[in-house]
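Sharing a structure with you now.
When the chains are written out, they are named A, B, C and D in that same order, and each has its own residue count from 1.
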Amino acid sequence: MGFSTIVYILLLLPLLGGLTNGLFGKHLPKQFSGALGTGVIFSAFLCVLMLFNHVNEPVQIDLCNILRFDSFSLEINFLIDQLSVWMSLIITGIGTLIHLFSMGYMKEDEGYYKFFTYLNLFIFAMLILVLGGNYFVLFFGWEGVGICSFLLIGFHYSDPVKGISNSLAARKAFVMNRIGDAGLIFALFMLLSTFGTLNFVDISERLSEGVSMHHLTVLGITLCLFLAATGKSAQIPLFTWLPDAMAGPTPVSALIHAATMVTAGIYLVARSNFLFELAPLTQDIVLYIGIATSLFAAFMALRQNDIKKVLAYSTVSQLGLMVVALGLGAYTVAIFHVTTHAFFKALLFLGSGSVIHGMHHEQDIRKMGGLKKVMPITHWTFLIGTLAISGFPLLSGFYSKDEIIGHLFDQNPVLYGVIMVSVLMTAIYMFRLYFLTFHGTFRGTQSTWEHVHESPWTMTLPLVILSVFSALGGLLNLPGLFFHEGAHWLSGYLHGAPGMHNIVHETPNFSTTLGLMAVASALSIGVLAWAYQNYVRRGSVAKSDEALNGWEKLSNRKLYWDEWYDWMVVKPIEWLGFQTNHTVEERGLKSGISGLGMLTGKAGNALRKLQNGYVSSYLSWMVIGMILLVVFYLLNGN
Amino acid sequence: MIATLITQILGALTIAAAMMVVLSKHPVRSVLYLVVTFFFISGLYIMMNAQFLAIVNLIVYAGAIMVLFLFVLMLLNLNKEAEPKTPTLSWVIASIAAGTLFIVFIAALKDIVLVTRPGDQVAVSNIGLVKNLGNTLFTKYVVPFEISSILFISAMVGAILLAKREKQTID
Amino acid sequence: MELILLPLLFGIVSFFIPGRWGRISSLLFAAISLVAVTVKLFYFQPDVKEYFVNNTGTYVLGMTFNMAIDGLGILMLGLSNLVIFLVALSNFNREEASKPSFNGLLFLMQFGLNGVFAAEDGILFYMFWELTLIPVFLMLYWYGAKENHKNLLTFFLYTLFGSLFMLLAILAWGAYTPSYDYNKLMYAAVPSQYVCWIFTGFLLAFAVKIPLFPFHTWQPPTYSTAPMAGTMLLSAIMLKMALFGMIKWMIPLSYSALKFWQLPVIILGIIGILYGAVIALRENNMRKVFAFASISHLGLIAAGIMIFSFDALMGSIIQMVNHSLIAVGLFLCADIATNRFGTSDLQQMGGLAKVAPRFGFWFAVTVLIALSVPLTAGFIGEFLLIKAVFEYQAVFGILAALTLVLGAVYMIRAYQMSSMGAPKITNVADLHWNEMLVLALVAVLAVFLGLYPNGIISLVKPSIQHMLENVQDTTNLIK
Amino acid sequence: MPTSTPINIDFYIILATLLFVIGAFGVMIRRNMIVLLMCIELMLNAVNLLMVAFSSYYNNADAQIFVFFIIVVAAAEATVGLSILILAYRQLRSIDISIFNKLKG
């Protein structure tokens, strides 16, 4: 089988699965449609594995031409290289596990088949996104995942209590993503007019041949691309949709809003590395945005009480960290962190899903506690996830974070300090979450406590698998410290992607790396000890909303960011809409038009008076007319 | 010379009679003055050797139409009813308008370039004689002439229909 | 020629077909003409103009009665027949469809539309142009909301007023040629001081019909009170007459006038985009939301036409077709929602997707098409248009692209308020088969054109290129 | 029977114009409908006179034929006009023109 066949099968599998479920799912038994949904993704995963074994240099597969003009043409083609295959591996791999998890989680939901339809379509769109061989196809996938995300966030749109807020969250996500999409569209325009093509391979070749570009053009293109990335990857200023997106079912949060879709922005920038390398200013902007996002989101996560909201802000914060890596030009490191983050964040979300499932859809950690006895598997896997994200030594998060931090330290020690604050806060809120959920005494109602149960195997199996990967994921890209031969395997692997091999980064020297690792480990372990002391020994619990003091309130209310946006953007636009409708449209234009009509009427009324019905006056007018006519001719004649 | 004089006198009398038509308060007097005017105009026609028209003018206008007017006046017995007085303002406006109209017309007609004949004397020709005019009328203009009879018939029918006292058409 | 005359025959016949059979016969008639035009489209040679009437010798008062179609013409002809079919289909289970007068008017309308798209003679173009106004007016008058005859009068006078200037322009244009034949007009040596005025006359007529920003006030009230078929006809195909007229009649007229009006019209178009979108954000009448959305969409198309580069014109044409499809779909959905809830106020709607799942699904699909997501024709159209505007002037492009964002807001808002949330009504009828068929056809066509825009492009490419060359020729003659 | 009328054409022009203006003046100031009709006849005659004058001047019979037709039409017009007048009188018991202002806008 050639590459192209595998790729087509790979793409068709989720599409067919989605279509089958969508068209016939209503009449299929739940078990079957769930198994079908999971099965196609797993088969797709196997396809990707086949690709993974064979790929060594970029292969472009042309499918068809969409639009052909003299000045440019738009094609559908796919690019199989290390980067796209690696991303596909994450998508289908994690996707399979999450599908499996969903089979248990969504068991009682009446929209079961619909859920799997959407999930499969999402995987399809995501694969299009990462496998696309040009920006145009990427845009197809880009919008596709946005739509699927919209559908899945608003999955319970008709819920009597939360239906409206769910649909509002979905709308917010879609609209904010649309802002980013507009950026991507402009990037496409500028790329088209600069290069005449949108193919990654062609553009990167042109650039490596040394095609000169105006620096403003590059700046524009990269800024537009980055705007798109901020939309999808929830960076400042477009991050506020992600926490709201937690309205969707938990597997959705795990798949879309932690592991795959939100990393599309990272992928986009990594894919466009050849452009970003030419725009140092953009890179700086990327760097600072990443640091700011990471810091603010971590701060906001400190006093969230919804188990999923904590994880959402943590996702934003981690994405910020990846963006920092991108800003430093360490694209492979960013992808490495994408990978490990996909492992442990999917694990954490699924773990929280298991908790929520066991607690009968209670998400407030203030009503949890002591769950480790009843949910042992969930507890242990969640612990691994927590340790991984907070950078506990030798777990996956430790390595990936450390590389980013190491690069940052090399470049700018001050920013290193700033980002360490974010890392510290990450450890704090994650341990707080963990201890409040699983330790201490149960704080919910008695009847709930009696029904809390461990989840079925379909849900725990993915947890176990993911916890293994979370623990060992660091092996993919070990620093040169341990094995000189096997070190930086992933970075080396990804160098095959277009443009990547041109980017050379010096890894920090031995002693610095060791020092930084020591600091990070110390931080993580220190926070663990403090949190244990605080939450388990002293039994601290999360305060109620009223009892929060100054900074806690700020954190809990997300720095009032949504309120700011509401006040600065939403309200003015709504005001504008209202005023335009009532003042300009109704009072201005419409009455202007009817004013013209009335003017005509008035003029007619005035002229009507002349028609007074008296023959003699008509005759007088006639005489006057005759006089004027003759005078006119006399004057004209001479 | 005498002919010129006669013509001028006829002209003056025509104007005077016409003025009386307009100015006399009594409608019957107006009618009578109009008849007089028509007689003078016929005289002018004769002076131009348009004999046929002179006769027709007398018979049709002075004879038929004016008698019709008189009949109507008498039929309706309108003599007693005094005509309401026209406001002075109307008089002034009408006079000004009429005066201006006159001046403008004169100004317009004065500049007519008379092409066919040198000199500006009205010639004495024989085309107005009954024989010549009849020739033209019954050869070149025979169709319009016949059509005019249709016009008369329709006018007759219309007049009868309008003037007939019938309940369903009136009130 | 049968394409033009068939609807006339159908229209006359429909007036005499009694109610019971009326809806079936009208559907049949519409299907026949649709099939006829599809066959024609299939075998069409886009390189040559196909003449129905080609009168080169004798003519009365300069009128030649010439009719012909080129690639653009057949496309528009197909579009009009398609829209008529969709209108007939979507009205199938409504009481209007059983009225002989309604069906008759529908086909008379089609006759006028086909004539407009095929006319090769200035006066003939004008006559057909006005002919379309009568059936739609009567349709709105007889079947629309009774209390809104005043709006209707505004609409009628407004459009009539606009086309008056077009008549003047055509007459003035024709004064410089022996006949009003299209080819003669194209090569007319109009003195350069008058050519701008002629252009302006056309522009006024088209601006009212499209409608461009300050001339649009007739549109939202008319749309919101008209019967569904009337709204569909107005927005799906009558507006296209104006856009078509811009491409075929106005642009080739003169290069200098085009340059003179280019910037103002583009600015008006951009203002229209934002204006319509911003109002639609807060509007609570569902039909008005879509009416303002229409203004927003058409502003972009008009701007694209005035840029008159090949790419921009292609984008405009694709977007014209797409807009016809989404107008049919959206107004059908709006009408269904309005019927089911008994009000068109979005605030009083909610949860329709739960109780009528098929409606929820197809409405969502239509909204997505209207948002011009990739894979639909709208995406290709908007992509080309915004690209053209962006390359013309970057700031305009950025403003125009706001339609992507604002469009998402108002469209999804309309969907969310009507269909999401807890159901506010129970026991409603879901989509009927004919309504579902309409929406499915719309979706299939939109996706087909989104994947295969090359079909449209190869069809209209020769005529557009010929026309662009014409623009140059006219310029040379003036100089 | 005069054999020569060596008179200036201007004389007839002025005469006819004067007659016409007097007729118009009458229509403007009089309110009796019969008198109005008479004034109209006066104006018609003014035109007739001018046409005859030019006819002799150009030695062309056509104009005289037209005068003949004008007289014909005037006769018809007077007939119909007077019957309308009688009808109007029956309706309103008056022939004052200022009463008939139903055409007022």
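General remarks:
Heads up, the rule we're going with is that contacts are C-beta pairs under 8 Å (C-beta built on N, C-alpha and C of every residue); 3 or more make two chains touch, one makes a residue touch a chain.
Since the structure is predicted, the reported quantities are computational estimates derived from the model, not experimental observations.
The chains in contact with subunit A as well as with subunit C do not exist; no chain meets both.
Distance between subunit A and subunit D, defined via averaged C-alpha coordinates, is recorded as 95 Å.
Look at where the CA atoms of subunit B average out and do the same for subunit C: the two points lie 65 Å apart. Distance from the subunit B centre to the subunit D centre is 5 Å, each centre being the mean of its Cα atoms. Centroids of subunit A and subunit B (each the mean of its C-alpha atoms) stand 100 Å apart.
In subunit B, 90, 93-94, 97-98, 101, 105 are the positions where the chain touches two or more neighbouring chains simultaneously.
In subunit A, the residues touching two or more other chains are 616, 620, 623.
Each of the following residues of subunit D touches two or more other chains: 24, 28-29, 31, 98. Interface note: chains touch in the pairs A-B, A-C, A-D, B-D. Subunit A meets subunit D in the complex at residues 607-616, 619-620, 623. The touching residues of subunit C, counted against subunit A in their complex, run 154, 157-158, 214, 216-218, 220, 275, 278-283, 310-311, 314, 351, 353-354, 368, 373-375, 380, 383-384, 386-387, 390-391, 397-398, 401-402, 404-405, 408-409, 412-413, 416, 419-423, 451-454, 457. Residues 2-15, 17-26, 28-32, 34-35, 37-39, 41-42, 45, 48-49, 52-53, 55-62, 64-65, 67-69, 71-80, 82-87, 89-91, 94-96, 98 of subunit D are the ones touching subunit B in the complex.
Of all residues in subunit B, only 90, 93-94, 97-98, 100-101, 104-105, 107-108, 111 touch subunit A in the complex they form.
Residues 24, 27-29, 31, 36, 97-98, 100-105 of subunit D are the ones that touch subunit A when the two sit in their complex.
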